[in-house]
Structures are given as structure tokens and as C-alpha cells.
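These are the structures, in C-alpha cells.
Each of the next two complexes has chain A plus one more chain, namely chain B in the first and chain C in the second.
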Partner chain A sequence: MKKTWLLGLVVLHSFLSEAKTYVVNPKGQLKSIQTAISLAHDGDTVRVMAGHYREGNYIIKKSIVLLGENLPVLDAENKYEIFTIVANDVSVIGFRMINTGKASINDISAVNAIQTKRLRVANNQMENTFFGIHLANSTASLIENNTFHSDAEAEHLAGNGIHAWKCDSITIRNNTIRGHRDGIYFEFVTHSHVENNYSHHNMRYGLHFMFSHHDSYVKNTFHNNGAGVAVMYTQDVTMIGNRFEDNWGASSYGLLLKDIRDSHIEGNHFLRNTVGVYMEGSSRCRMEKNVFKDNGWAVKIQANCDENSFQRNSFLSNTFDMATNGSLVLNTVDYNYWDNYQGYDLDKDGIGDVPFHPVSLYSMVVEKMPSSIMLWRSFLVYLLDRSEKVVPSITPESLKDNHPVMKNYDYHF
Partner chain B sequence: MSKIAKYVLYDIVRSRFILFYTVFLLVVTFSMYSLDTDPGKSTLSLLNIILLVVPLVSVIFTTTHFFNSYEFIELLLSQPVTRRTIFLAEFFSVASALALSFLIGVAFPMLLLAYSEATLFLILSGLLLTLVFVSLAFLASVITRDKAKGIGMALLFWIYFTLIYDGLILYIVYSFSDYPIEKITLLLSSLNPVDLARIVILLKLDLSALMGYTGAFYKSFFGSNLGIIYSFLFLLVWIGAPLLIALRKFARKDI
Partner chain C sequence: MKYLLFVLFGIVTLSCSTEPEPLKYGTDVCHFCKMTLMDNKFGAELVTRKGRIYKFDDMRCFLNYYNSGNEATSDFQHALVIDYLNPGNFLNAYDAFYLKSSAIHSPMDGQVAAFQSKQHMMPLKKEWGAIYLAWGEVVTQYK
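Now for the complex of A and B:
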């Protein structure tokens, strides 16, 4: 009922006012985008032809569509913010935005949206911007097919690629983000969807979110970011089919889960990370059908995590499968494939007859004394691990997979 | 020298031990690669063979060979050839026999089945380890008088470098874990040829785990070209030094 009423209003509105189109062309009569914006009314379109525009900051207070043809360049000359949007229903499509200013107090961005609704930012290229897109208190926005690239040398000189604060129901998809501080940053963002983005070579995190409940992250790739992906203080997160790759460093994680609750992590790939997944203070997370391959530590789970479950994952050629820092284990690990499993399957049901202990003695030793990593794969360490397997005394007895499957699951995504 | 070496080599090949060793290595390498679908894992299993079995066989074979051909050496000493020539001929023939069986037994199937940078390093380290332990075993045989003592001492070298030394390092790391001891452990582990070979390969195989803070330090050293050159130079020193000492001892030994 409500919807038909809304639709009726929209139809009526379109009859009352005829939307105009203003064409901005460096060779035409209307040369300035600023002028076009000031001429336009709600519902109008500003078409911007290819060219190099140096007009400082555009403040958009009307519901208009800004449409770039053949990527017109908006150059902020290392001084200004480019678009500051304070109206609802604004679209920014097809621009190349370069050289925003940098500041320590203001979050200068290529597109800065403050208290807006239904913003659409699509098909833009952001080059050498401080913040790429900054959304504050904006709902129902769509950000798609943009590329972000920053060359900043230090973390304090770079902003985030896509920064969202206190937003609801936003969609971020098919973007590529490189060289920023955080690729995608969420704080107090709810009911949002992040899909098919490629976030790589960012200085800090590929994806970083805090206090952002009921969000989903699907089929994104996070590759070679300074510290991987960090998600904190959040509940009801869904992460499906993402790839976490090549995050190397002492405090770098494929996926850092800190105080995450009731979340679902399925079908992700963790490849060549120093630590695939690091869990701290997390509860009731389901980790299913993930692939952990060539990581230093596939999973580091601190003893303060509880009721998490690891099921039907594949653990392949990791240096250490699991590590923990205590003897208390309140999580379940079941029906996984471990390539380090050396048990047998006499009844041929595809499930190993002896449980698998994924935490090796030496992974606990390395946890305590990082220098001892240098003795890994020596005969001594082999003997230590072996004797511990026969009579477990240091490694947590209860952290075990009672049903290790014999064959690799062979997940393809 | 080449003439003596030729006869010694002929003698070694005739004893068939070297043939068994070659076949053993071949069978192990081939079965490792056919058992596991992931060539990386097979390379890891072979790492254990190379770090343990190859040095062990090298020391045992060298010492037994030396004491078995003691009479032959005595006979040669009555001829107008220098002790130096005889000793070096013995060394080169034993070393080349063992190196050759390693190349045929491990390097050849490896290059055939799983060529990668890691396997290349594995082969090179295995080869150098063979030479290191041949050289150490020669030292052991020259110092001692009879076969039992000689083999005993050679085995001691082996067990020291493969097991005891690592235990000592672990103890040091444990005792001083509150201190920044990365550089010291780096120095200490480079004093052991087995560790040196292992670390060079570790950097190729377990890179992700090594990228943590401490590991990154080792990686930046051993992973650099300079570090690799340093490691292999050190292994060469481990071949040369015991050999030179053994040569001096042999030259002055009352036989």
C-alpha cells in the first residue's frame, strides 16, 4: 500500500517538473561544472564531457545526476575535496578524480557524503586521493565499479579507499582498491553488502570493520595488504567465498576476528598468509568449508574463544595447522580434512578412526619463543613432536578432530 | 693422483655398496613423489632423508672404506708418491662416488618430477652435505687408530650435528627467550652445516610461517642473495676445513 503511494508520488513528480540536462564541455558554451551545478535543480542531469577541470570543491545540495563522458578529469590540485554531497538521490558516474588535498583533521575525500540517502557512485577512477569515498550517516547508497589508487608513502598520509561511518543498507561491489590505508573501512555500518571487490596492497587492512552488525561480505579478494583483514566487535557477520591471500608479517593476518559473535564464515580461501585466521574473544562463529593452504599458521585460536565450530574445512600444506595459547578449549573441530593426518580408516567410511590433534607441540613452543622457528623441520623437532603425539602432555588434549576425513574435500569456487 | 683415484673408484664400485645406496635413493625419491599428489609435501619428506640419511651414509661409508683400504694405503705409501696425493685421491674418489649416487638417486628423479627453485636448493644442499660429511668422516678416521673408534667418532659427528647441536640451540633460545637473540641464533645455526642446509631450504618451503617478526629477520638475511652466498660459502668451509686438518694429520701420522 505504502509502495504504491510512493510510486504515485514519483510519477506525479515527474509530470510536474521536467528534468533538464546541462552539458559541460571545455569547448562548448558551458565550461564550468560549478556553474552547471548552480543552474541545475532537483532531478536534473549534468553531463560533463572529457577534459581537465580544476574547479576546487563541488558542493552538491540538490538531487542531481553528475554524469561524466569519457572520464573527464576532476583535478583538486592537492588542495581540495572534490565532491561534498549533502543532498539525497545524487549520482556521481564516470569521472576521474585526482589529487585531493591531504589533512590531519578533515577527512578530505574524492566523494564525501554527509547525511544522504540513495547516493550512487559508479564507474569512477580515483587516483592519488586522500580518502576515496567517505560516507557519513548515509543510508541505502550504492558504490560500484570504481577504482581507487593511492601512492602515499606512509600510513598517516593515506586515507581509506571506501570509508563508511554510521551507515545503513549500503552496497559496495566490483571496486578495486589499492595503496590506501584501509581498503574498505566500516564503523557502525549495518545491513550492508560488500561483494566482489578487489582490495590489495593497502597499507593497513584490506577490509576493516568495527561495530558493524548484520553485514555480508561475498566473493571479495584481499591480497597482500599490510595487515590483512581485521574485523572487530561485531555480531552477525556473513563472509562467503572471499579470498585472503599473501598477507605476510608479524602482526599480519589473513583474517583477524576479534570479539566477533554469531557469525558465519564459509567457503573462503586462505592462501599463503603468515596466519590464516586469528581468533580472539570470539564466540559462536561457524567456520565451514574453507580452504587453508600454504599458510604459516592456518588458524590461531586464543583460549578466550568459545563455542566456535570448525567443520568440513580443508587444511593443506600449512606449516602449522592450529595454534593456541592455553589448555582450555571450548570450541569444536570436526569433519575437517588435514593433510598432516596420519591415521587410518579400517571400516572404510571415509573418516579416520583415530582423532587428529591439530596443535603440534612445536607450534606451542614457537608461540612462546618465536626465535625457535629456526629449528623447524630439524630432526630434533621431529622427535619432540612425535613423542608429544604419543603422550600428549603440553598440547591441549581436548582440541582434536574426532572425525578427520580421509579425502580432501576438493572445494572449487 | 688420477690414477690412484681411478683404482680406488673402481674398488668402490666393485663393492656394490654404492650401487645399493643409489638404488635406495632412487626408490625412495620415486616412491615419495608417486605416493603424494602434492609435490611440495614429497619435497619436504625428502628433506628429512637428505638431512639425516645422506650424512649418515656418507660418514659410515667413508670410515669403513678408509679402514678397509688401510692396507692398500700402506702399500701405496711404500711407493714413491706423496701422502698428500694418496689422501686427496682417496677423498676425491669417495666423495665423487657418493656425490654421483646422490645425483643419480635424488637429483635426477627430482628434476624430472618436481623441478622448482626449492628442489634445486635441496639438491645443492644435499650435494654439499655429502661432501661435508665425507670430509668430517675422513677427519674422524685419521684421528683414530682402529675401525670401531673411527666409526664411533664419525657417528658422533653425525649425531652432534643432526641432533645435539639443535638441542643446545633450543636450550639457549629457551634460556634467553626474554632477550633479543635473533642475531645470536642466526650465527649459531650457521655454525652447523646441517642447520645451514635446512634453513636455506626452509626459506623456500615455509616462507609464510617465516614472515613473522623473527622469521622476517632470518628471511631478510638468508633469503637475500648475500645470505645464500654466505650459506653456501660456509658449507664450503665445512668441506675444506676438516679436510685440511685431516690432511695435515695424515701427513704426520705414524702408520
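Now for the complex of A and C:
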């Protein structure tokens, strides 16, 4: 009974407000997207045919669908913001947005959403925009299948690719972001999901989380960004199946964890970074089944981290497996595979008979005196490391893997 | 020999320099939060009497370190903040004028911007609905 009543209401509603479609075509009667937007009502669609449109800033105050056919170009002529969206239930699909204005005080964007709900931005190309998509105080929105590219030379001339501030329940998936300040930036964003994006050659971070709780990012690739990914001042973040690759530089790392709590980091690849994971002031994070390969330092863990666990990870051909800056260690390291392990497994249970100490004496020296890295691989250093292994004196005795596995886990994801 | 002495002397004095160093945005890292400096409207620097330089991306990090007790505040030769209206340029932190407002989006959400003078600050104070702070007040903001 309730169902038919509801159905009747839906039918009645669709009779009362029949959704219209306005077709904008450079060769047709309706040539201006601005005009089409002003004619449209809630629920209508504006279909835009291919062409080059220079109409400044579009302010969307109605719940409409903007649908581009064959990527119509919206050119902001280096002056304007393109879409400013202040209504709920707006969709922006299939446009090529180019040349937004650049300002250091206002965050000019291709799509700027302020206090909206259920926004959808899909299948667009953003080229040479200051900010790509800027969401403020918005909820339940979807951003998918877009590409973002910025050519900015100086960092203050590049905004973030996707920037979310005080948002909730945002999904960001299948986007490619290149050349921005941060690829994806979250500040005060909760319950959001970032999946399968490719963020590369951005000036600062591929992904940047600040004060953003209960979020997850899964199966993304972060390649050759200024300094990888930063997750800061945040709790309950899930990071699964991501790739952190080729972040080289004096202060560069694959993943920076600063003041993180209760997070889960599993099945990620850290390849060819100066530092794979840098951890500071973090507690209760689980690092499991990750692969650390060809890094300068696989993991740098500061002494102010506690109750973190590193289990069942693979450490392969890293210069240093772990480094720390103190002697007190309150973290668990267990059941990992270390290719630097030289012990035997006489009882053949697959687990080395003596514990492995992943922190070498020399990594402690380098931590105190970075320039001493010059002597790395010299005979003297080899001797020092060897004697330290026999009689540990400087390296933290408690930071050890009691069950180093003998065979590489060989994770493939 | 004389020249060699001169060169040596030069190196010695250079290495003891307590002059501030400009912030290199895009390269330098905040000493406190480890973030790469990016936004040249914000930033700060501390130079100790021994010539050690600490760079910061935000007033929040700067003052958290300043008040951390790692070093006595009397050991800082220079305390400098970036002029909001003159990006990348330093002001003496003790003499600067500060505005605090949630409309100020700084890298670490410190919500504080620094200005050279009251005249420069006033128009933005109105626009942001900000409150004015002097050094003595701003220094206790993040405690």
C-alpha cells in the first residue's frame, strides 16, 4: 500500500515538472551555455555540443545536469573560474576546461563547489587550471574519470588537483592528476574514499591528508611526486594496495606518517624512494604485508612512535632496512622477510633461528651525521657493522625481528 | 700563505654566520611538521646564536617549536615571519602585526597571518572579520 502511494507521488511529480533538455550548439539557435543555464529549472539538462566556448564564469544555482558531447572546450582565458556550484544535485560531465585564472589569494578552480550535496563531476579534462576541483563544506559527492594537468613552473602558481576542505562522504576514483601542487588534498574531510587514481609529477605530494579521519585510500599509484604521500594529524585511515614509487630527494619519502593513530597500512608497494615510510609521533598503526624494495631507507621510525606493528612485510634490496633516532623502542617487528638476514634455519621451520636486527650501526651514525653517508660501503663501515652485530652496543637491542622468515613472501597484488 | 689564511678565515667566519636564509618554497621542509614549504604568504624562520636555522611553514609550527623548550627562547638570534602582503619576505616576528581568522587558510591551519604595519593589515581585518594580535598574544595562541 505504501509502495503504490509512493509510486503515485513519483508519477504525479514527473507530470508536474517534466524535465527539459536544452541543447547548446555553436551552429544552432541556442549558442550560449550561460543562456541555457538561465533558462533551465531544477532537474533539467543542458546538453553542450562540441565547440569552443568563452563565456567566463558559470554560476550554477539550480539542480541541473551539464552534459558535454565530444568534449566541448570551456576556455576561461586565464581570467575566470569556470563553474561555481552552489546548488545540490548538480552534475558536470564530459567537458574540457582550460586556462582558469591564477591568483594566490583566491583559490580559482575549474569546478568550485561550495556547500553542495550530491555533486557529480565525471569524464572531464582539466588543462592548465589553478585548482582543478575545489570542494568546500560539501557532502556525498563523486569525482570520477577526470584528468588534471597543470604546467605551472612555480609552486605558488599551481593549486591542488582535487582539493577538499571540510567535506564528508566524498568518493574520488579513476582520476589522473599531474603537475599540480598536491595531487589530492584533504583537510578536515571525513568518511571519504580515494580509489584507483594515478597521481604523478606533482610538485609537493601525490596525496595529502590533514586532520581527516575515517578515510580510506586504495589501489592508487603515486609516482615521482615531490615528496610522495603525507598523512598527518589524522586517525583511522586505511591504506591498502597503493604503490609509492620514485620519490627521490633530501627530504623525500614514499609515505610520511606524522601524528597518525589507529591506522591500517596493508599490501602496499614502496619502490625506489629515498625513504619508504617516515614515521613520527604515530601510534597504533598496523603495517602488514607491504613490500619495500630498492629504497634508501625502507622505514625511518622516530623514537616518539609507539605500539605500531610491522608484520609479514618483505624488505628487499634496501640500503638501510630501518633507522631510528633513539634507543627506546615500543614497536613490534615480527615475521618479516629481510634479504639482509644472514642467519640459519637449522630446525627447518621456515623461521630463522636467531633474531634479526634491522637497524644497523651505520644507519644510527648517518642519522646523527648525514654527511657520513660518504663512507658507506667502505671496509671500515663493514667492520663496524659486523662488530656491532656480534656485540650490540649502540643500536637499540629491543628493535628486532624475533621470527625473521627465511623465504620471501613474494606478494603480488 | 697569506692568501690561504684569508681563505681559511673566510670559511671560519662563514660557517659561524647567524644571518637568516631566505625560505626556498618547493624545496625547504618545515622543521616541525616535515611538510614541504609551498605557500609563500606563510612561513617563519628561527636562527640560533650558533647559526642553526629552523624553517617553518606556518605560525602554528613556528610557535609550537618556539615554545617547545628544546631551546631557550633567549638562544634565538632571529625570529622571523613571512609578510602576508609581501610573499617570501621576512618581518621581525616581535614587531609584526598579526591577524587571526578562520578565513585564513594557512598550510597547517594556524589561522594567523603576519603584516608589516597596521595600515597594511586593516583592510584584510575587515574582510576576514579577523582579530588583531600583537606578538605577546600570538605567542600563546597554540598552547
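Rule of thumb we're sticking to: the second predicted complex is superposed on the first by the 399 of 413 C-alpha atoms of A that agree within 3 Å, B and C clash if a C-alpha of one lies under 4 Å from a C-alpha of the other, contacts with A are read in each partner's own complex, and residues count from 1 in each chain.
Criterion: a residue touches a chain if its C-beta (ideal position, glycine included) is under 8 Å from a C-beta of that chain, and two chains touch if they have at least 3 such contacts.
Note that the structure is predicted; figures quoted are calculated from it, not measured.
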Which superposed partner A:256 touches (first chain B, second chain C, both, neither): second
Partner chain(s) touched by A:156 [first = chain B, second = chain C, both, neither]: second
Which superposed partner A:307 touches (first chain B, second chain C, both, neither): neither
Partner chain(s) touched by A:373 [first = chain B, second = chain C, both, neither]: first
Touching partner for A:248 - first (chain B), second (chain C), both, neither: first
Touching partner for A:211 - first (chain B), second (chain C), both, neither: second
Residue contacts on chain A - larger count, chain B or chain C: B
Which superposed partner A:320 touches (first chain B, second chain C, both, neither): first
Touching both chain C and chain B, counted on chain A across the two superposed complexes: 251
Chain A residues within the chain C interface of the complex: 104-105, 154-156, 165, 181, 187, 203-205, 210-211, 226-227, 230, 232, 251, 256, 258, 278, 280
Touching residues (chain side chain A, partner chain B) in the complex: 248-252, 272-274, 294-297, 316-320, 339, 368-383
Chain A-facing residues of chain B, complex: 38, 40-41, 44, 47-48, 51-52, 162-163, 166-167, 169-170, 173-174, 177, 181-182, 185-186, 189, 194-195, 198-199, 202, 205-216, 218
Chain C - residues contacting chain A, complex: 25-26, 29, 33-36, 38-41, 87, 105, 108-109
